[in-house]
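A single structure is presented below for examination.
Note that the chains are named A, B and C in the order they appear, and that numbering of residues resets to 1 at the start of each chain.
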Amino acid sequence: MQPLLERYARVDFYDEFADGDGVPRSHYVGLARTLRSIDWSDFQHRVATVNAVLLQRGVTFTVYADARGTERILPFDLIPRIVPGDEWSLIKRGIAQRVYALNAFLADVYGKQRILADGIVPYDLVFSSLFFNREMIGFKLPHDIYIHVSGVDLIRGRDGTYYVLEDNLRTPSGISYVLENRDVLKRSFPRLFEHYQPLPVDDYPFRLRRALTNAAPFGNVEPTIVLLTPGIYNSAYFEHTMLARRMGCELVEGHDLIVRDNIVYMKTTKGTQRVDVIYRRIDDDYLDPLYFKADSSLGVAGLMDAYRAGNVVLANAVGSGVADDKAVYPYVPAMIKYYLGEDPVLPNVPTFDCNDELQRRHVLGHLDELVVKNTNQSGGYGMLMGPSSTRLDREKFKLAIEANPREFIAQPIIPLSCHPTIVGEGIAPRHIDLRPFVLYGAEIDVPACALTRVALQDGSLVVNSSQGGGSKDTWVLD
Amino acid sequence: MLSRVAESLYWMSRNIERAESLARIIDVAFNRTVDRLAAGSEPARRVWSSVLELAGGGDGDIPSFEGPSLANDAFTYGTFSTENRSSVISCIRIARSNALSVRAELTTEVWETINSMYLFVEAQSPRAIAREGPSSFLRKVRDGAQSFGGIVDATITHDDEWSFLQIGRFLERASMTTRILKTHDPADDSAPEWQRLLEMCCASEPFVRAQRLSSDPSEALAFLFLHRSFPRSVRFCTSEVEHALHRLSGTAMGSYSDEAERLTGRLQAMLDFVGLEEILDEGPAKFSARIGARLDAVGMAVQTSYFPRIPVA
Amino acid sequence: MEFTILHQTTYRYPVKIHESYTVCHLQPLSDATQYCTKYELQIAPRARVFTYVDRFGNQVQHFGVLPEHDLLSITARSSIATVRPAEPEPNPGVTREALVSDPAYASMYDFLRESTYVAFGPELRALAAIVGAPGGEDLDAWFAHAGHEVHAGFTYDKSATTVRTTVDESIRLRGGVCQDFAHILVALCRFHAIPARYVSGYIFSGHDALRNGQSNAILGAEASHAWCEAYLPPYGWVGYDPTNDRRITDCFVKIAVGRDYRDVSPVRGIYKGAPQSGGSELSVNVAMEALAGQ
């Protein structure tokens, strides 16, 4: 039988693995050698084993296709993605710079609103954002930190340039896959590691805990931290249990907490115990029925009052979503310039703002070439992929855009880079992205933990787990 | 520990215990009626009525099935009815959902036992069971529940978590034994009737061994209520609950720090010192009802002490 | 003028509730036109009261009652001195150009758009056409004109509306209470791109009687009130009361300002133990007294 990797056909995209002549890039040489020496049937056997292990461990997410949600695993691809040290240090600098600027933006729009008064970002854009939380105006947060945990989605263009596609500032998930993928790969296929020593990922819970500890109100060096989950039906419930367990903190639901005299407590069998930091994996709207959705049973009544009084820290801050509103995204390079006086390390993807009449006209005229995204949705929902869309899809989007232009942006299709991936017959190139995570406690910390998502369908550019994506272990080299 | 976690552990354990008891009760009913009693006969009707009563939530809200399909209806009501929150399938669903919500606290072994019981029950077809007979299904439920108990004891650290599991398990067991005895028909002191009660309490063999060849039915009553070391006697179960409560609070046995301990201690003292004659004088059914009410009060008090609905300000 | 105000709100619940959390806008604000000299809030059952200043500058109190209770009573007592003219004059010369070039105008987003109770529905659009658009020259005159039109076109009718009635509903009903009148005028201003906000407060209805020397105190008068303010530079926020068709005098006491009723509702809250609309019984008693010697 032909060696496995020889079937890998190169494509007209940036190929992570090999250069234009089909020669493996230097950081993939060792892996290529190992892959060539492995028997295909052995490979197939391991793929099956690994996915069975993940299912048994319950490393699942929930797809909201029916009322109760279906538990599924994120398919795991055995061939690791490798990020060499020099690229990683560029990424680190780029996303740290971004998070600094976005955090400054949040402190500003909920504070003095200088960037709006100076006309860099339009008032209307911010005030019309669904995620601009007016209750936060005038809040003074400990250390002025809003974005304690973020996940920045990066993609690579045809020439290998890293672009920022999205800043996920609300409750980005995926870290559990990073931890599980590495663990499973080490156990099931230790040989793959023979030429490599990727930076460890298993210190993430420790670093998250450190960031949350540093985020506590001033002077509190041993804060009680809890992870607030919406509960067992949430798509990322597995991740919540895993992080709580590994951080050594309580996993709480809304009704485990109670606010008494502006202080948050958790209800234990030995009475109530004060809570200082809440790593919340619940959306803003559900946090406090007194101020937001009154019928929400997921949240804690009075939480916003305790928060305003500075008696508890919420990570991330309420209202952080305005900074990752897709229509605010085009302004991030300007924010970096405005707050830091620097040029962006990582470029944005060019973006058309449908709220602007000229740009909207362009978008409506080129719907078949662009990707259109709804600013109020995420996870690959509410999206139009122009080239693969039907006339009917485009017609629907045209009407929707004309009715609510503020809710749409459009971008040229960026041909995501490709990576060798196991498919039915062997190994083939599939499109991938990269989501590194950023922690911001006292200072910015970028652990070597990044999630590589892969579009398993041939030719697909959509990597979202809800849309048929899988994941890879990501090796960051020193 | 979070009150919610304690509460989930308590109900998880209670529901598994309940599923086990119910599976046995239904199995006993089948065994006793399938060959010995003509379908539709009065003794058969009584057996199945007792199943209906035990399969309900204990709040008296039981549908009245009558006529030729009584056996079938009672079986379905006790096993696969989703309207009955106390049926085998409901209990296992509730236990699994409780387990899921405290998964971070459970050992993998405990979680997997419950999860596989859940998957097993969900995969059953009531129609196939009606065709093949329910015994192997009921046995699997019993086996699963019993291995849950064993795995809990063997893999969970015997501290607070375990204590809440113990309280749930033994309160449920005591209460089920009491309810089984309540179904005793005072007019029927026959050996088969006592045999039914013993079997439903899983006490037939231990009783025979303990009593040798005693044929006095009242001995069975004493055995089920008062035996010091039979693990399903009410007295044994109460004692386990009492010990678990004192482990939790750290209060010495013989004194109490909350209502749950006080009520359990009082009940325990009563069971320690009550004489069989007193029970017979009061009448077994009446006595059972009184003990049942006290057990319910203990359950309420545990809730108030450890997972109050209204927080203590 | 100087006033003392007693504002008492009582909820009675048919079953015991617990963990009730309440937010109040009951403290009269202090600005250039009025000064709150004393304010106290009493809660039964006893609760610790916390205060913060919201983004509109209002003083907000909140508290929680955790144990079971079936009665919640909130008593606010305040003393206020108002220094507005008794006969306010028009504010001439407010042009559209002055408005849009005002530095604060760009940040008026929330007072120019629709909000929960203030929507530009078909009824509002029709009404706006009848009232007519403001010219570019005298926005204050248009504001008073619009206020007058609202007053003339609608009947004060307590039975017509509820606290949740929207602008279009009350226009269709041709009637409502001060809250509805205020919402309609706010909507008209915003529809014509004049920043407008909702004001909750009190009006001293003993005014005329007092001036006639008949009495110096009117107790139990129904004095909870609401009106509208428009942003008219260089005068700033200028008020008009469409319910009584008049400008804001020294007989008005402002409590709070916001986009609409929702931002400034005097008392709102949630609780556990019974459905949120579980037939609780609400009674409100407001007594406003003018101090003697005026």
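By our rule, a residue touches a chain if its C-beta (ideal position, glycine included) is under 8 Å from a C-beta of that chain, and two chains touch if they have at least 3 such contacts.
Bear in mind the structure is a predicted one, so any value in this text is a computation, not a measurement.
Visitor: Select the chain whose centre, defined as the mean of its C-alpha atoms, is least distant from the mean of all protein C-alpha atoms.
Guide: Of all chains shown, the one whose C-alpha centre lies nearest the global C-alpha mean is A.
Visitor: Which chain maximises the distance between its CA centroid and that of subunit B?
Guide: C
Visitor: Averaging only over C-alpha atoms, locate the centres of subunit B and subunit C and give their separation in whole Å.
Guide: That gives a centre separation of 61 Å.
Visitor: How many angstrom lie between the CA centroids of subunit A and subunit C, rounded to a whole number?
Guide: Roughly 44 Å separates the two chain centres.
Visitor: Would you kindly tell me how far, in whole Å, the mean C-alpha position of subunit B lies from that of subunit A?
Guide: The separation of the two C-alpha centroids amounts to 48 Å.
Visitor: Taking each residue of subunit C in turn, which ones touch at least two of the other chains?
Guide: 19, 66, in rising order.
Visitor: Would you give the residues of subunit A that are in contact with at least 2 other chains, written as numbers and ranges?
Guide: 258, 260
Visitor: Going by the contact rule already set, what residues in subunit B reach two or more other chains?
Guide: Residues 311, 313.
Visitor: Could you please specify the touching residues of subunit B with respect to subunit A in the complex?
Guide: For this pair, the touching residues of subunit B are 1-4, 6, 97, 100-101, 103-104, 160, 164, 248, 306-308, 311-313.
Visitor: Using the touch definition up top, name the residues of subunit A that touch subunit C in the complex.
Guide: For this pair, the touching residues of subunit A are 113, 116-117, 123-124, 127-128, 134-135, 137-138, 258-262, 289-290, 294-295, 301-302, 305, 308-309.
Visitor: Please name which positions on subunit C make contact with subunit B in the complex.
Guide: That would be residues 18-19, 66-68, 273 of subunit C.
Visitor: Applying the document's contact rule, which stretches of subunit B touch subunit C when the two form their complex?
Guide: 310-311, 313
Visitor: Which subunit C residues qualify as touching subunit A in the complex?
Guide: Against subunit A, the touching part of subunit C is residues 19, 21, 23, 48, 50, 52-55, 62, 64, 66, 106-107, 109-110, 113, 269-270, 276.
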